[in-house]
Amino acid sequence: MTETPETPGFTRDELMEVNAARALAGAKTCFVGIGLPSTAANLARATVNPGLVLIYESGTIGSKPTRLPLSIGDGELAETADSVVPVPEMFNYWLQGGRIDVGFLGAAQVDAYANINTTVIDRGPDKPEGRLPGAGGAPEIASNCGRVLMVLRHSTRSFVRKLDFVTTMGHGSGPGDRTKLGMPGTGPVAVITDLGILRPDPATAELTLTELHPGVTVEQVRAATGWDLAVAGTVGTTEPPTPDELAALRALKAAGKEPR
Amino acid sequence: MADIRSLHDAVADLIHDGDTVAMEGFTHLIPYAAAHEVIRQGITDLTLVRMTPDVIYDQLIGAGLVRKLVFSWGGNPGVGSLHRFRDAVENGWPRPLELDEHSHAGMANRYVAGASKLPFAVLRGYRGSDIPTRTDTISTVTCPFTGEELAAVAALNPDVTVIHAQQADRAGNVQLWGLTGVQKEAALAARRVLVTVEEIVEELEPRPGGIVLPTWVIDAVSVVPGGAHPSYASGYSVRDNAFYQAWDPIARNRDAFTRWIEENVRTRTGRTEKAGAR
Amino acid sequence: MADIRSLHDAVADLIHDGDTVAMEGFTHLIPYAAAHEVIRQGITDLTLVRMTPDVIYDQLIGAGLVRKLVFSWGGNPGVGSLHRFRDAVENGWPRPLELDEHSHAGMANRYVAGASKLPFAVLRGYRGSDIPTRTDTISTVTCPFTGEELAAVAALNPDVTVIHAQQADRAGNVQLWGLTGVQKEAALAARRVLVTVEEIVEELEPRPGGIVLPTWVIDAVSVVPGGAHPSYASGYSVRDNAFYQAWDPIARNRDAFTRWIEENVRTRTGRTEKAGAR
Amino acid sequence: MTETPETPGFTRDELMEVNAARALAGAKTCFVGIGLPSTAANLARATVNPGLVLIYESGTIGSKPTRLPLSIGDGELAETADSVVPVPEMFNYWLQGGRIDVGFLGAAQVDAYANINTTVIDRGPDKPEGRLPGAGGAPEIASNCGRVLMVLRHSTRSFVRKLDFVTTMGHGSGPGDRTKLGMPGTGPVAVITDLGILRPDPATAELTLTELHPGVTVEQVRAATGWDLAVAGTVGTTEPPTPDELAALRALKAAGKEPR
């Protein structure tokens, strides 16, 4: 992680993480995937949304970890939770039960309609498929949460024209697909990357560049996107991380690396 | 009724070649020691079931004992890929690995159906996903009241479920607490149940968040302190995150993996395993 | 988020004429005080849902507030009949009572479906029984994997669920322990939730067997010590079996019942009720 | 409850209760209905089967009450249990899950095939149906337990030729009906009354008088039965209650009446 020359003092990953945390302002409850989503959700609790209820698929409701958990089942998630429930209850009563505002997901591949592949990569004819971890909770998180946020690094490997496999549906092939399939939630509302933020166009549901991080150009984002990326009429620039945000983020990460 | 017996004998009696075996534990209380005993005894042609295959199944797959994997997320949590799992799927090494792949919600409900002795469970799941195209254990049912079409998933009823718990009493009643995942469902869905525990206590003291499995749903209890390492047992140990990170380079390389299994599993016993595995 | 407020105001705001209301509690933690507040406010034309109607619904039915009852066992446990329930069903006094009748397994699963926001639940139930002939909330589904025909029961999603619990904290998080019945399912299935509690504590200390309902699934918490009487709150009171026995002659007679309600419910407030109800 | 003249020292109800308890010898787990079944199951624990695991539909597994509970939700049932589970879990994982050996039921009406009515009584034309409590757990207890025991007092009101309503199926209309309906358990194996014991004929599944209590005649039982009761070729006589059994039964009942 090198600092970007244009924005000394923080990295592009930190821009991504801080903006992902900001996207949780105002949310009440968040179903948190491990990795970048967990970083964002914990940072949100330390900054814009101290009351945010973190929910992990391991069964913890209202976890308040003081360091970044390495896995969704770290002991501290359970010890600091308001309630720990069995995994089937988590998926049936809480997630499918419509109790969760925001689902926060990562992805290996995403397409222009915010559909996600985390299953297999096509490596070309005569080559075996490349294996990814699989679905985890994502298909039902994306379907049942009130709305979905996504966070991943921008590259043509991850932002692809056509997914090799649809693990988790975002907006399908466009507006109306979610309704047709009876999905309760509104689906992905933002994809936060290390270059900027994409949001589905209200009319077409196609991911559209709406904000750039400081020092990033539209051309850089288009070059890192595997399809002809739509760009909003007015593209905003995200606020640089505040000193408080950076301090909180770095403290969380440092604590996560401490031996126990 | 559960017999309290050695891990060697319990595994030898309860787990057989060709069995469908679930070793559950959601990050917490993963029964590593029992898996290592399976490796030492070379019990093979297994169908392994687990929501999150994790390093424990990476080891069993790499050891060549697994024919098929039923799962929903196969990674080394917080670290990266399961390289033995990938090598088996992508290259068939050391043998091809058949997959039955689901989402977490689907797997959890398959266990619920199994524990409830129902042939299937219903969920609002897999919508818009390609996952159902690759398995015959996902179908649909139509609600007879509303007409809504919902996903149906086939019940899971393993031949054997293996879990690790904190405590048993002398009668073989077991208590686990902390993150208890799908362990109750996995145990009650199975035909046979083996529980490894940190210790035997005179009396199980009810714990907040504790679940009790009565002795009459368990076949064998084996006392294996540290038997969840590098996973952990809340109240007894913490997760050995360093081991999970150290596993990555070991598992990337077939020879390094084989050597590790030889040195840390095959030539050890349940008793001496923990100290050496770090 | 739960507001902590008076029982009067919570009932007035959350429960309306014509609502479908579940007051749950399996013998333990039955929310009698809330039911009495409903009687005092004369909230009527209710559809009441409860596995075991018990004396609490005998009182509401006898008070003429109930249009329909959804249930699986209507008796005074260990004592005998619910006479007001019988009088309403058999003689239409004080008004006719429509029934939607199930077995316990069916009712429990209807709540599970409701909490899971599924339109129905599946069970191996009602086989050989006449029960399905009298309701339109039991049907069948066929397993898409095995072809087995199973019972389907329609989800229950009450407008309001009312439960009694031991404790809440100042933020409105609630903990109950002991026999917790179907309270979690009934609460999570409902559109609105009212919880009466024995007391407010600074911090909820996790209890063995405790279940926690976070404040963000609850609409109102009202502090009503003894609010489960003649039922009980484990750790706070014991079941007043003598009251249940004394209820039998009161309920047998329309006048005696009407007088009892007048004297012990209508002319009292939530605050003074407990002492007088014995 | 008056003592029977022929068998001084105990009542017919006590004969019924003691024999109901004896029927639990050898059982591992029993799903216990309130009332007479609960008396029998608790007496079994005090006499023939100290290790019997009592399971009540209120969610308690392994209750060891020291007095007879008035209701299935008495506090002592939970306090003395090995485990207390939510009611849906009890019905789904434990009962439907096939974990329970014996279901012990009472009944308002029973017919010659041990089918049960606890729902409504037909009181004749132009009269409203008489209302009974309803099903409770019985339909699924009778279907899913390994076997079923029933205990109720003998009279032509309760032993009827035709049920007014089938709440809970025993053996339906005869052999094979349970299998046809896919019921896992073998169904009712004994109906214990205050006069004797009826068991389904192995060939016809029809309830047949196999044992009389001491001092009771076949004619008395036939007179108290609403159909033409089959009688076994050899009718045995139950053993009189032992002093230990009587002492244990009376102690349980006395403790149940103590104020708390």
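When the chains are written out, they are named A, B, C and D in that same order, and each has its own residue count from 1.
What we mean here is this: a residue touches a chain if its C-beta (ideal position, glycine included) is under 8 Å from a C-beta of that chain, and two chains touch if they have at least 3 such contacts.
Molecules present, by chain and UniProt name: A, D = 3-oxoadipate:succinyl-CoA transferase, B subunit.
Here the structure is a predicted model, which means the values were calculated and not measured.
Trainee: Using the average of all C-alpha atoms in each chain as its centre, how far is it in Å between subunit A and subunit D?
Mentor: From the centre of subunit A to the centre of subunit D is 58 Å.
Trainee: Taking each chain's centre as the mean of its CA atoms, how far is subunit A from subunit B in angstrom?
Mentor: That pair's centroid distance is 28 Å.
Trainee: Would you mind pulling out the distance in Å between where the CA atoms of subunit B average out and where those of subunit C do?
Mentor: 39
Trainee: Provide the list of subunit A residues touching at least two other chains, using ranges where the numbers run on.
Mentor: Expected reply: 92, 96, 184.
Trainee: Give me the residue numbers in subunit B that touch at least two other chains, ranges are fine.
Mentor: Answer for subunit B, listing residues that touch two or more other chains: 112, 116-118, 123-124, 148, 184-185, 209.
Trainee: Touch graph of the chains shown: is it line, ring, star, complete or other?
Mentor: Per interface graph, the chains form some other shape.
Trainee: Mind giving me all the chain pairs that touch?
Mentor: Contact pairs between chains: A-B, A-C, B-C, B-D, C-D.
Trainee: Could you pull out which subunit B residues touch subunit A in their complex?
Mentor: Those residues of subunit B that touch subunit A are 26-28, 51-52, 71-75, 77-79, 81-82, 85-86, 89-91, 101-105, 108-109, 111-112, 123-131, 148, 178-182, 184-185, 209, 232, 234, 238-239, 241-242, 244.
Trainee: Within their complex, state which residues of subunit A touch subunit B.
Mentor: Its residues touching subunit B are 34-35, 57-60, 69-75, 77-79, 84, 86-88, 90-92, 95-96, 115, 119, 128-131, 133-140, 143-144, 165-169, 172, 177-178, 181-184, 259-260.
Trainee: Please give the residue numbers of subunit D that touch subunit B in the complex, ascending.
Mentor: So the residues of subunit D in touch with subunit B come to 28-29, 53, 61-62, 82-83, 92-93, 96-99, 184.
Trainee: Considering only the defined contacts, which subunit B positions touch subunit C in the complex?
Mentor: Interface residues on the subunit B side: 116-124, 137, 139-146, 148, 150, 152, 154, 206-210.
Trainee: Enumerate the contact residues on subunit C facing subunit A in the complex.
Mentor: 112, 115-118, 173, 184-185, 188, 211-212, 214, 216-217
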